[in-house]
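Note that the chains take the letters A, B, C and D in the order they are written out, and that residue 1 is the start of every chain.
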Amino acid sequence: MIREKITDRDNALFEAGIKLGALYHQFTGSPINLDSVSSIEQAIQKCISVQPYVNEISVNIDREMLKSKLGNKFGYFELQGPMLRVKITVKYGSVKAKVGMEYDTELNYPLMKIEEIEELNV
Amino acid sequence: MIREKITDRDNALFEAGIKLGALYHQFTGSPINLDSVSSIEQAIQKCISVQPYVNEISVNIDREMLKSKLGNKFGYFELQGPMLRVKITVKYGSVKAKVGMEYDTELNYPLMKIEEIEELNV
Amino acid sequence: MIREKITDRDNALFEAGIKLGALYHQFTGSPINLDSVSSIEQAIQKCISVQPYVNEISVNIDREMLKSKLGNKFGYFELQGPMLRVKITVKYGSVKAKVGMEYDTELNYPLMKIEEIEELNV
Amino acid sequence: MIREKITDRDNALFEAGIKLGALYHQFTGSPINLDSVSSIEQAIQKCISVQPYVNEISVNIDREMLKSKLGNKFGYFELQGPMLRVKITVKYGSVKAKVGMEYDTELNYPLMKIEEIEELNV
(Lines give C-alpha, C1' and ligand atoms only; values in the text may rest on other atoms or scores of the structure.)
Protein backbone atom coordinates (compact mmCIF):
# COMPACT_ATOMS: atom_id res chain seq x y z
CA MET A 1 0.00 0.00 0.00
CA ILE A 2 1.29 3.41 -0.94
CA ARG A 3 -0.31 6.57 0.36
CA GLU A 4 -0.48 9.08 -2.45
CA LYS A 5 -0.14 12.84 -2.64
CA ILE A 6 -3.45 14.45 -3.60
CA THR A 7 -3.27 16.25 -6.95
CA ASP A 8 -5.34 18.74 -8.94
CA ARG A 9 -6.38 15.85 -11.11
CA ASP A 10 -7.74 13.94 -8.12
CA ASN A 11 -9.68 16.98 -7.01
CA ALA A 12 -11.03 17.66 -10.50
CA LEU A 13 -12.48 14.15 -10.70
CA PHE A 14 -13.79 14.31 -7.15
CA GLU A 15 -15.52 17.63 -7.77
CA ALA A 16 -16.98 16.40 -11.06
CA GLY A 17 -18.47 13.40 -9.29
CA ILE A 18 -20.00 15.62 -6.61
CA LYS A 19 -21.79 17.69 -9.25
CA LEU A 20 -23.33 14.69 -11.00
CA GLY A 21 -24.43 13.07 -7.75
CA ALA A 22 -25.91 16.35 -6.56
CA LEU A 23 -27.73 17.05 -9.81
CA TYR A 24 -29.28 13.60 -9.94
CA HIS A 25 -30.54 13.50 -6.38
CA GLN A 26 -31.63 17.12 -6.23
CA PHE A 27 -33.72 17.23 -9.38
CA THR A 28 -35.01 13.77 -10.22
CA GLY A 29 -38.58 13.51 -9.01
CA SER A 30 -39.49 17.00 -10.30
CA PRO A 31 -42.93 16.97 -11.90
CA ILE A 32 -42.62 17.62 -15.64
CA ASN A 33 -44.53 17.63 -18.89
CA LEU A 34 -43.61 18.86 -22.36
CA ASP A 35 -44.38 22.47 -21.41
CA SER A 36 -42.18 22.61 -18.32
CA VAL A 37 -39.26 20.50 -19.48
CA SER A 38 -37.14 23.31 -20.94
CA SER A 39 -37.63 25.42 -17.84
CA ILE A 40 -36.30 22.70 -15.55
CA GLU A 41 -33.39 21.98 -17.93
CA GLN A 42 -32.34 25.61 -17.69
CA ALA A 43 -32.75 25.75 -13.93
CA ILE A 44 -30.64 22.62 -13.45
CA GLN A 45 -27.90 24.10 -15.63
CA LYS A 46 -27.97 27.40 -13.77
CA CYS A 47 -28.06 25.82 -10.32
CA ILE A 48 -25.26 23.34 -10.87
CA SER A 49 -23.13 25.96 -12.63
CA VAL A 50 -22.99 28.08 -9.45
CA GLN A 51 -21.19 25.29 -7.60
CA PRO A 52 -17.42 25.51 -7.21
CA TYR A 53 -15.13 24.58 -10.12
CA VAL A 54 -17.87 24.11 -12.73
CA ASN A 55 -16.60 25.34 -16.07
CA GLU A 56 -19.33 24.22 -18.45
CA ILE A 57 -22.55 22.29 -18.19
CA SER A 58 -25.27 21.12 -20.55
CA VAL A 59 -28.42 19.33 -19.47
CA ASN A 60 -30.82 17.65 -21.87
CA ILE A 61 -33.99 15.84 -20.94
CA ASP A 62 -35.09 13.22 -23.45
CA ARG A 63 -38.48 14.41 -24.82
CA GLU A 64 -39.21 11.11 -26.54
CA MET A 65 -38.75 9.15 -23.34
CA LEU A 66 -40.87 11.69 -21.48
CA LYS A 67 -43.64 11.49 -24.09
CA SER A 68 -43.75 7.72 -23.77
CA LYS A 69 -44.47 8.16 -20.04
CA LEU A 70 -47.23 10.75 -20.31
CA GLY A 71 -49.98 8.19 -20.84
CA ASN A 72 -51.42 8.44 -17.33
CA LYS A 73 -54.68 10.21 -16.63
CA PHE A 74 -52.99 13.37 -15.37
CA GLY A 75 -50.77 14.15 -18.36
CA TYR A 76 -47.55 14.69 -16.48
CA PHE A 77 -44.70 12.58 -15.19
CA GLU A 78 -41.58 13.10 -13.13
CA LEU A 79 -37.99 13.62 -14.10
CA GLN A 80 -36.23 10.29 -13.90
CA GLY A 81 -32.55 9.45 -14.19
CA PRO A 82 -32.76 7.70 -17.56
CA MET A 83 -34.22 10.87 -19.17
CA LEU A 84 -31.13 12.90 -18.33
CA ARG A 85 -28.19 13.51 -20.63
CA VAL A 86 -25.68 15.72 -18.86
CA LYS A 87 -22.19 16.93 -19.67
CA ILE A 88 -20.13 18.80 -17.11
CA THR A 89 -16.62 20.19 -17.36
CA VAL A 90 -14.87 20.89 -14.09
CA LYS A 91 -11.66 22.87 -13.88
CA TYR A 92 -9.51 22.43 -10.81
CA GLY A 93 -6.12 24.08 -10.86
CA SER A 94 -4.28 22.78 -13.92
CA VAL A 95 -6.76 20.03 -14.79
CA LYS A 96 -10.00 19.92 -16.72
CA ALA A 97 -12.24 16.88 -16.28
CA LYS A 98 -15.16 16.27 -18.62
CA VAL A 99 -17.74 13.90 -17.24
CA GLY A 100 -21.18 12.88 -18.33
CA MET A 101 -24.30 10.99 -17.54
CA GLU A 102 -26.41 9.17 -20.05
CA TYR A 103 -28.84 6.30 -20.06
CA ASP A 104 -27.05 3.08 -21.01
CA THR A 105 -29.66 0.89 -22.68
CA GLU A 106 -27.55 -2.24 -22.36
CA LEU A 107 -27.01 -1.83 -18.64
CA ASN A 108 -30.51 -0.35 -18.22
CA TYR A 109 -28.88 2.25 -16.04
CA PRO A 110 -28.26 6.01 -16.09
CA LEU A 111 -24.49 5.68 -16.25
CA MET A 112 -22.16 8.41 -15.02
CA LYS A 113 -18.68 8.33 -16.48
CA ILE A 114 -15.46 10.21 -17.05
CA GLU A 115 -15.14 11.31 -20.66
CA GLU A 116 -11.88 13.16 -20.86
CA ILE A 117 -9.13 14.50 -18.64
CA GLU A 118 -6.83 17.30 -19.75
CA GLU A 119 -3.71 18.60 -18.04
CA LEU A 120 -3.50 22.28 -18.94
CA ASN A 121 -0.39 24.41 -19.36
CA VAL A 122 1.96 21.50 -19.57
CA MET B 1 -67.06 9.71 16.52
CA ILE B 2 -68.77 10.40 13.23
CA ARG B 3 -67.39 9.14 9.95
CA GLU B 4 -67.78 11.88 7.37
CA LYS B 5 -68.52 11.89 3.66
CA ILE B 6 -65.51 13.17 1.69
CA THR B 7 -66.24 16.41 -0.14
CA ASP B 8 -64.68 18.53 -2.88
CA ARG B 9 -63.58 20.88 -0.17
CA ASP B 10 -61.71 18.10 1.65
CA ASN B 11 -60.00 17.12 -1.57
CA ALA B 12 -59.11 20.70 -2.46
CA LEU B 13 -57.33 21.16 0.87
CA PHE B 14 -55.66 17.76 0.66
CA GLU B 15 -54.37 18.47 -2.86
CA ALA B 16 -53.17 21.92 -1.84
CA GLY B 17 -51.17 20.40 1.00
CA ILE B 18 -49.61 17.83 -1.32
CA LYS B 19 -48.35 20.59 -3.62
CA LEU B 20 -46.68 22.58 -0.82
CA GLY B 21 -45.07 19.50 0.72
CA ALA B 22 -43.84 18.38 -2.68
CA LEU B 23 -42.46 21.79 -3.62
CA TYR B 24 -40.57 22.18 -0.36
CA HIS B 25 -38.93 18.79 -0.33
CA GLN B 26 -38.21 18.64 -4.05
CA PHE B 27 -36.51 21.99 -4.45
CA THR B 28 -34.96 23.07 -1.16
CA GLY B 29 -31.27 22.24 -1.27
CA SER B 30 -30.88 23.51 -4.85
CA PRO B 31 -27.63 25.46 -5.23
CA ILE B 32 -28.41 29.13 -5.91
CA ASN B 33 -26.86 32.55 -6.20
CA LEU B 34 -28.28 35.88 -7.38
CA ASP B 35 -27.81 34.91 -11.05
CA SER B 36 -29.67 31.62 -10.87
CA VAL B 37 -32.46 32.53 -8.49
CA SER B 38 -35.01 33.66 -11.08
CA SER B 39 -34.43 30.56 -13.17
CA ILE B 40 -35.19 28.23 -10.28
CA GLU B 41 -38.24 30.32 -9.30
CA GLN B 42 -39.65 29.84 -12.77
CA ALA B 43 -38.85 26.15 -12.90
CA ILE B 44 -40.55 25.55 -9.55
CA GLN B 45 -43.65 27.38 -10.76
CA LYS B 46 -43.74 25.44 -14.02
CA CYS B 47 -43.11 22.07 -12.39
CA ILE B 48 -45.68 22.40 -9.64
CA SER B 49 -48.24 23.84 -12.05
CA VAL B 50 -48.27 20.61 -14.08
CA GLN B 51 -49.56 18.67 -11.08
CA PRO B 52 -53.27 17.86 -10.87
CA TYR B 53 -55.75 20.56 -9.76
CA VAL B 54 -53.25 23.45 -9.64
CA ASN B 55 -55.00 26.60 -10.79
CA GLU B 56 -52.43 29.28 -10.01
CA ILE B 57 -49.01 29.42 -8.45
CA SER B 58 -46.47 32.08 -7.61
CA VAL B 59 -43.04 31.40 -6.16
CA ASN B 60 -40.76 34.09 -4.78
CA ILE B 61 -37.33 33.55 -3.30
CA ASP B 62 -36.23 36.22 -0.86
CA ARG B 63 -33.17 37.92 -2.46
CA GLU B 64 -32.28 39.80 0.71
CA MET B 65 -32.19 36.63 2.77
CA LEU B 66 -30.15 34.93 0.07
CA LYS B 67 -27.68 37.83 -0.09
CA SER B 68 -27.14 37.64 3.65
CA LYS B 69 -26.07 33.99 3.23
CA LEU B 70 -23.64 34.47 0.34
CA GLY B 71 -20.70 35.36 2.56
CA ASN B 72 -18.95 32.02 2.24
CA LYS B 73 -15.83 31.61 0.15
CA PHE B 74 -17.69 30.09 -2.77
CA GLY B 75 -20.29 32.79 -3.40
CA TYR B 76 -23.32 30.57 -3.54
CA PHE B 77 -25.79 29.06 -1.12
CA GLU B 78 -28.69 26.67 -1.26
CA LEU B 79 -32.41 27.24 -1.41
CA GLN B 80 -33.78 26.97 2.11
CA GLY B 81 -37.35 26.90 3.31
CA PRO B 82 -37.33 30.31 4.99
CA MET B 83 -36.40 31.98 1.67
CA LEU B 84 -39.57 30.74 -0.02
CA ARG B 85 -42.80 32.69 -0.37
CA VAL B 86 -45.31 30.61 -2.25
CA LYS B 87 -48.98 31.01 -3.09
CA ILE B 88 -50.95 28.20 -4.68
CA THR B 89 -54.59 28.04 -5.70
CA VAL B 90 -56.02 24.57 -6.13
CA LYS B 91 -59.39 23.98 -7.76
CA TYR B 92 -61.14 20.71 -7.05
CA GLY B 93 -64.68 20.37 -8.31
CA SER B 94 -66.69 23.24 -6.89
CA VAL B 95 -64.03 24.45 -4.44
CA LYS B 96 -61.02 26.70 -4.71
CA ALA B 97 -58.45 26.61 -1.93
CA LYS B 98 -55.76 29.26 -1.67
CA VAL B 99 -52.79 28.21 0.43
CA GLY B 100 -49.41 29.70 1.06
CA MET B 101 -46.05 29.30 2.61
CA GLU B 102 -44.04 32.08 4.16
CA TYR B 103 -41.33 32.42 6.74
CA ASP B 104 -42.84 33.27 10.12
CA THR B 105 -40.23 35.30 11.98
CA GLU B 106 -41.95 34.84 15.34
CA LEU B 107 -42.13 31.06 15.06
CA ASN B 108 -38.77 30.98 13.22
CA TYR B 109 -40.42 28.55 10.86
CA PRO B 110 -41.44 28.41 7.19
CA LEU B 111 -45.15 28.19 7.89
CA MET B 112 -47.62 26.64 5.47
CA LYS B 113 -51.19 27.73 5.89
CA ILE B 114 -54.64 27.91 4.37
CA GLU B 115 -55.46 31.44 3.23
CA GLU B 116 -58.90 31.22 1.72
CA ILE B 117 -61.54 28.71 0.74
CA GLU B 118 -64.21 29.49 -1.83
CA GLU B 119 -67.24 27.43 -2.74
CA LEU B 120 -67.95 28.19 -6.39
CA ASN B 121 -71.29 28.20 -8.23
CA VAL B 122 -73.34 28.28 -5.09
CA MET C 1 -68.85 32.59 -4.52
CA ILE C 2 -68.89 32.22 -0.78
CA ARG C 3 -65.78 32.73 1.32
CA GLU C 4 -65.67 30.05 3.97
CA LYS C 5 -64.48 29.93 7.56
CA ILE C 6 -61.44 27.67 7.92
CA THR C 7 -62.13 24.66 10.14
CA ASP C 8 -60.17 21.96 11.92
CA ARG C 9 -61.29 19.62 9.20
CA ASP C 10 -59.80 21.84 6.50
CA ASN C 11 -56.54 22.00 8.39
CA ALA C 12 -56.46 18.25 9.02
CA LEU C 13 -56.74 17.56 5.29
CA PHE C 14 -54.24 20.26 4.41
CA GLU C 15 -51.70 18.93 6.89
CA ALA C 16 -52.25 15.36 5.70
CA GLY C 17 -51.54 16.43 2.13
CA ILE C 18 -48.35 18.22 3.18
CA LYS C 19 -47.03 15.04 4.78
CA LEU C 20 -47.61 12.87 1.71
CA GLY C 21 -46.12 15.43 -0.66
CA ALA C 22 -43.12 15.85 1.62
CA LEU C 23 -42.55 12.12 2.04
CA TYR C 24 -42.70 11.44 -1.68
CA HIS C 25 -40.34 14.19 -2.77
CA GLN C 26 -37.90 13.81 0.11
CA PHE C 27 -37.31 10.08 -0.10
CA THR C 28 -37.96 8.85 -3.64
CA GLY C 29 -34.64 8.52 -5.39
CA SER C 30 -32.96 6.92 -2.37
CA PRO C 31 -30.70 4.06 -3.46
CA ILE C 32 -32.09 0.76 -2.17
CA ASN C 33 -31.71 -2.99 -2.40
CA LEU C 34 -33.32 -5.81 -0.41
CA ASP C 35 -30.85 -5.32 2.46
CA SER C 36 -31.47 -1.63 2.95
CA VAL C 37 -35.19 -1.46 2.30
CA SER C 38 -36.37 -1.97 5.87
CA SER C 39 -33.92 0.63 7.16
CA ILE C 40 -35.27 3.30 4.84
CA GLU C 41 -38.87 2.30 5.63
CA GLN C 42 -38.19 2.91 9.30
CA ALA C 43 -36.38 6.16 8.72
CA ILE C 44 -39.22 7.51 6.59
CA GLN C 45 -41.73 6.61 9.29
CA LYS C 46 -39.63 8.22 12.00
CA CYS C 47 -38.89 11.36 10.02
CA ILE C 48 -42.44 12.04 8.89
CA SER C 49 -43.81 11.26 12.34
CA VAL C 50 -41.87 14.17 13.87
CA GLN C 51 -43.81 16.63 11.72
CA PRO C 52 -46.71 18.53 13.28
CA TYR C 53 -50.09 16.80 13.74
CA VAL C 54 -48.97 13.32 12.66
CA ASN C 55 -50.80 10.76 14.76
CA GLU C 56 -49.89 7.49 13.06
CA ILE C 57 -47.87 6.46 10.05
CA SER C 58 -46.99 3.23 8.30
CA VAL C 59 -44.68 2.97 5.32
CA ASN C 60 -44.27 -0.17 3.22
CA ILE C 61 -42.02 -0.56 0.24
CA ASP C 62 -43.10 -3.25 -2.21
CA ARG C 63 -40.32 -5.90 -2.18
CA GLU C 64 -41.67 -7.71 -5.22
CA MET C 65 -41.66 -4.56 -7.32
CA LEU C 66 -38.16 -3.77 -6.07
CA LYS C 67 -36.92 -7.29 -6.90
CA SER C 68 -38.24 -6.95 -10.44
CA LYS C 69 -36.06 -3.84 -10.88
CA LEU C 70 -32.81 -5.26 -9.50
CA GLY C 71 -31.74 -6.82 -12.81
CA ASN C 72 -29.14 -4.18 -13.64
CA LYS C 73 -25.44 -4.90 -13.35
CA PHE C 74 -25.10 -3.14 -10.02
CA GLY C 75 -27.75 -4.97 -8.02
CA TYR C 76 -29.52 -1.97 -6.59
CA PHE C 77 -32.25 0.41 -7.64
CA GLU C 78 -33.84 3.54 -6.28
CA LEU C 79 -36.99 4.11 -4.31
CA GLN C 80 -39.75 5.06 -6.73
CA GLY C 81 -43.25 6.29 -6.05
CA PRO C 82 -45.07 3.17 -7.23
CA MET C 83 -43.18 1.05 -4.66
CA LEU C 84 -44.60 3.05 -1.76
CA ARG C 85 -47.66 2.11 0.26
CA VAL C 86 -48.19 4.71 2.96
CA LYS C 87 -50.91 5.35 5.50
CA ILE C 88 -50.92 8.50 7.61
CA THR C 89 -53.37 9.66 10.25
CA VAL C 90 -53.29 13.35 11.05
CA LYS C 91 -55.08 14.80 14.03
CA TYR C 92 -55.88 18.49 13.99
CA GLY C 93 -58.08 19.79 16.78
CA SER C 94 -61.29 17.78 16.76
CA VAL C 95 -60.66 16.01 13.45
CA LYS C 96 -58.75 12.94 12.39
CA ALA C 97 -57.96 12.49 8.71
CA LYS C 98 -56.66 9.19 7.38
CA VAL C 99 -54.94 9.45 4.04
CA GLY C 100 -52.89 7.07 1.99
CA MET C 101 -50.78 6.55 -1.03
CA GLU C 102 -50.70 3.43 -3.12
CA TYR C 103 -49.84 2.49 -6.67
CA ASP C 104 -52.97 2.41 -8.79
CA THR C 105 -52.34 -0.15 -11.53
CA GLU C 106 -55.24 1.07 -13.66
CA LEU C 107 -54.11 4.70 -13.62
CA ASN C 108 -50.44 3.62 -13.65
CA TYR C 109 -49.92 6.25 -10.99
CA PRO C 110 -48.94 6.37 -7.33
CA LEU C 111 -52.26 7.76 -6.15
CA MET C 112 -52.65 9.77 -2.96
CA LYS C 113 -56.12 9.85 -1.50
CA ILE C 114 -58.25 10.60 1.50
CA GLU C 115 -59.44 7.40 3.16
CA GLU C 116 -61.47 8.53 6.14
CA ILE C 117 -62.39 11.64 8.07
CA GLU C 118 -63.59 11.50 11.68
CA GLU C 119 -65.01 14.29 13.75
CA LEU C 120 -64.02 13.47 17.34
CA ASN C 121 -65.90 14.26 20.55
CA VAL C 122 -69.10 15.13 18.84
CA MET D 1 -2.87 20.37 -23.41
CA ILE D 2 -2.37 16.65 -22.97
CA ARG D 3 -5.28 14.25 -23.08
CA GLU D 4 -4.83 11.67 -20.36
CA LYS D 5 -5.60 7.98 -20.06
CA ILE D 6 -8.32 7.38 -17.47
CA THR D 7 -7.08 5.34 -14.51
CA ASP D 8 -8.56 3.44 -11.57
CA ARG D 9 -7.51 6.33 -9.42
CA ASP D 10 -9.49 8.81 -11.52
CA ASN D 11 -12.54 6.58 -11.30
CA ALA D 12 -12.15 6.05 -7.55
CA LEU D 13 -12.19 9.80 -6.96
CA PHE D 14 -15.05 10.35 -9.40
CA GLU D 15 -17.16 7.66 -7.76
CA ALA D 16 -16.38 9.01 -4.30
CA GLY D 17 -17.57 12.44 -5.34
CA ILE D 18 -20.79 11.01 -6.76
CA LYS D 19 -21.60 9.38 -3.43
CA LEU D 20 -21.11 12.56 -1.39
CA GLY D 21 -23.12 14.67 -3.82
CA ALA D 22 -25.90 12.09 -3.88
CA LEU D 23 -26.02 11.72 -0.11
CA TYR D 24 -26.18 15.45 0.49
CA HIS D 25 -28.94 16.21 -2.00
CA GLN D 26 -30.99 13.11 -1.31
CA PHE D 27 -31.20 13.37 2.45
CA THR D 28 -30.81 16.98 3.53
CA GLY D 29 -34.26 18.39 4.20
CA SER D 30 -35.41 15.25 6.04
CA PRO D 31 -37.46 16.19 9.11
CA ILE D 32 -35.58 15.17 12.26
CA ASN D 33 -35.58 15.47 16.00
CA LEU D 34 -33.52 13.77 18.68
CA ASP D 35 -35.69 10.63 18.52
CA SER D 36 -35.41 10.10 14.78
CA VAL D 37 -31.82 11.12 14.22
CA SER D 38 -30.21 7.70 14.66
CA SER D 39 -32.76 6.09 12.36
CA ILE D 40 -31.97 8.45 9.52
CA GLU D 41 -28.21 8.07 10.13
CA GLN D 42 -28.55 4.34 9.69
CA ALA D 43 -30.76 4.63 6.62
CA ILE D 44 -28.31 7.00 4.93
CA GLN D 45 -25.45 4.61 5.62
CA LYS D 46 -27.41 1.63 4.30
CA CYS D 47 -28.68 3.44 1.21
CA ILE D 48 -25.36 4.90 0.13
CA SER D 49 -23.54 1.64 0.84
CA VAL D 50 -25.61 -0.16 -1.83
CA GLN D 51 -24.19 2.10 -4.52
CA PRO D 52 -21.35 0.81 -6.69
CA TYR D 53 -17.77 0.75 -5.33
CA VAL D 54 -18.62 1.82 -1.77
CA ASN D 55 -16.33 -0.02 0.61
CA GLU D 56 -17.08 1.69 3.93
CA ILE D 57 -19.28 4.50 5.12
CA SER D 58 -20.00 6.25 8.38
CA VAL D 59 -22.58 8.98 8.84
CA ASN D 60 -22.87 11.11 11.95
CA ILE D 61 -25.38 13.85 12.54
CA ASP D 62 -24.29 16.49 15.04
CA ARG D 63 -26.75 16.24 17.98
CA GLU D 64 -25.54 19.47 19.56
CA MET D 65 -26.13 21.45 16.40
CA LEU D 66 -29.53 19.82 16.02
CA LYS D 67 -30.47 20.63 19.63
CA SER D 68 -29.58 24.27 19.09
CA LYS D 69 -32.11 24.38 16.23
CA LEU D 70 -35.03 22.72 18.02
CA GLY D 71 -36.27 25.93 19.58
CA ASN D 72 -39.22 26.40 17.25
CA LYS D 73 -42.77 25.75 18.38
CA PHE D 74 -42.95 22.35 16.72
CA GLY D 75 -39.92 20.70 18.29
CA TYR D 76 -38.34 19.37 15.15
CA PHE D 77 -36.00 20.62 12.47
CA GLU D 78 -34.59 19.35 9.22
CA LEU D 79 -31.33 17.69 8.35
CA GLN D 80 -28.98 20.37 7.06
CA GLY D 81 -25.59 20.02 5.46
CA PRO D 82 -23.58 21.49 8.34
CA MET D 83 -24.93 18.80 10.71
CA LEU D 84 -23.44 15.99 8.63
CA ARG D 85 -20.08 14.34 9.27
CA VAL D 86 -19.55 11.64 6.68
CA LYS D 87 -16.65 9.37 5.79
CA ILE D 88 -16.75 7.17 2.71
CA THR D 89 -14.17 4.79 1.34
CA VAL D 90 -14.55 3.87 -2.30
CA LYS D 91 -12.60 1.03 -3.89
CA TYR D 92 -12.21 1.05 -7.63
CA GLY D 93 -9.86 -1.55 -9.08
CA SER D 94 -6.49 -1.12 -7.45
CA VAL D 95 -7.28 2.16 -5.69
CA LYS D 96 -8.97 3.10 -2.45
CA ALA D 97 -10.11 6.69 -1.99
CA LYS D 98 -11.19 7.98 1.41
CA VAL D 99 -13.26 11.10 1.27
CA GLY D 100 -15.26 13.02 3.80
CA MET D 101 -17.62 15.81 4.48
CA GLU D 102 -17.59 18.00 7.55
CA TYR D 103 -18.72 21.45 8.50
CA ASP D 104 -15.84 23.90 8.21
CA THR D 105 -16.48 26.62 10.77
CA GLU D 106 -13.98 28.99 9.20
CA LEU D 107 -15.47 28.74 5.72
CA ASN D 108 -18.98 28.42 7.19
CA TYR D 109 -19.49 25.64 4.71
CA PRO D 110 -20.08 21.89 4.74
CA LEU D 111 -16.82 21.02 3.03
CA MET D 112 -16.31 17.83 1.04
CA LYS D 113 -12.73 16.73 0.63
CA ILE D 114 -10.37 13.95 -0.29
CA GLU D 115 -8.70 12.53 2.79
CA GLU D 116 -6.49 9.73 1.52
CA ILE D 117 -5.68 7.82 -1.64
CA GLU D 118 -4.10 4.37 -1.54
CA GLU D 119 -2.77 2.36 -4.43
CA LEU D 120 -3.25 -1.29 -3.43
CA ASN D 121 -1.13 -4.29 -4.34
CA VAL D 122 1.70 -2.28 -5.67
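In this section, a residue touches a chain if its C-beta (ideal position, glycine included) is under 8 Å from a C-beta of that chain, and two chains touch if they have at least 3 such contacts.
Computed from a predicted structure; not experimentally measured.
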{"item": "Equivalent interface to C-D, taken from A-C, B-D or A-B so that over half of the residue contact pairs match", "value": "A-B"}
{"item": "Winner on C-beta contact pairs when B-C is weighed against A-B", "value": "B-C"}
{"item": "Subunit A and subunit B, separation of their C-alpha mean positions in angstrom", "value": "27"}
{"item": "Computed distance of Cα centres, subunit C from subunit B, in Å", "value": "19"}
{"item": "Subunit B residues counted as touching two or more neighbouring chains", "value": "22, 24-26, 29, 74"}
{"item": "Residue ranges of subunit B in contact with subunit C within the complex", "value": "1-4, 6, 9-11, 13-26, 97, 99, 112, 114, 116-120, 122"}
{"item": "Residue ranges of subunit C in contact with subunit D within the complex", "value": "22, 26-27, 29-33, 35-36, 39-40, 42-44, 46-52, 74-76"}
{"item": "Contact footprint of subunit A on subunit C as seen in their complex", "value": "24-25, 28-29, 71-74, 78, 81, 107-109"}
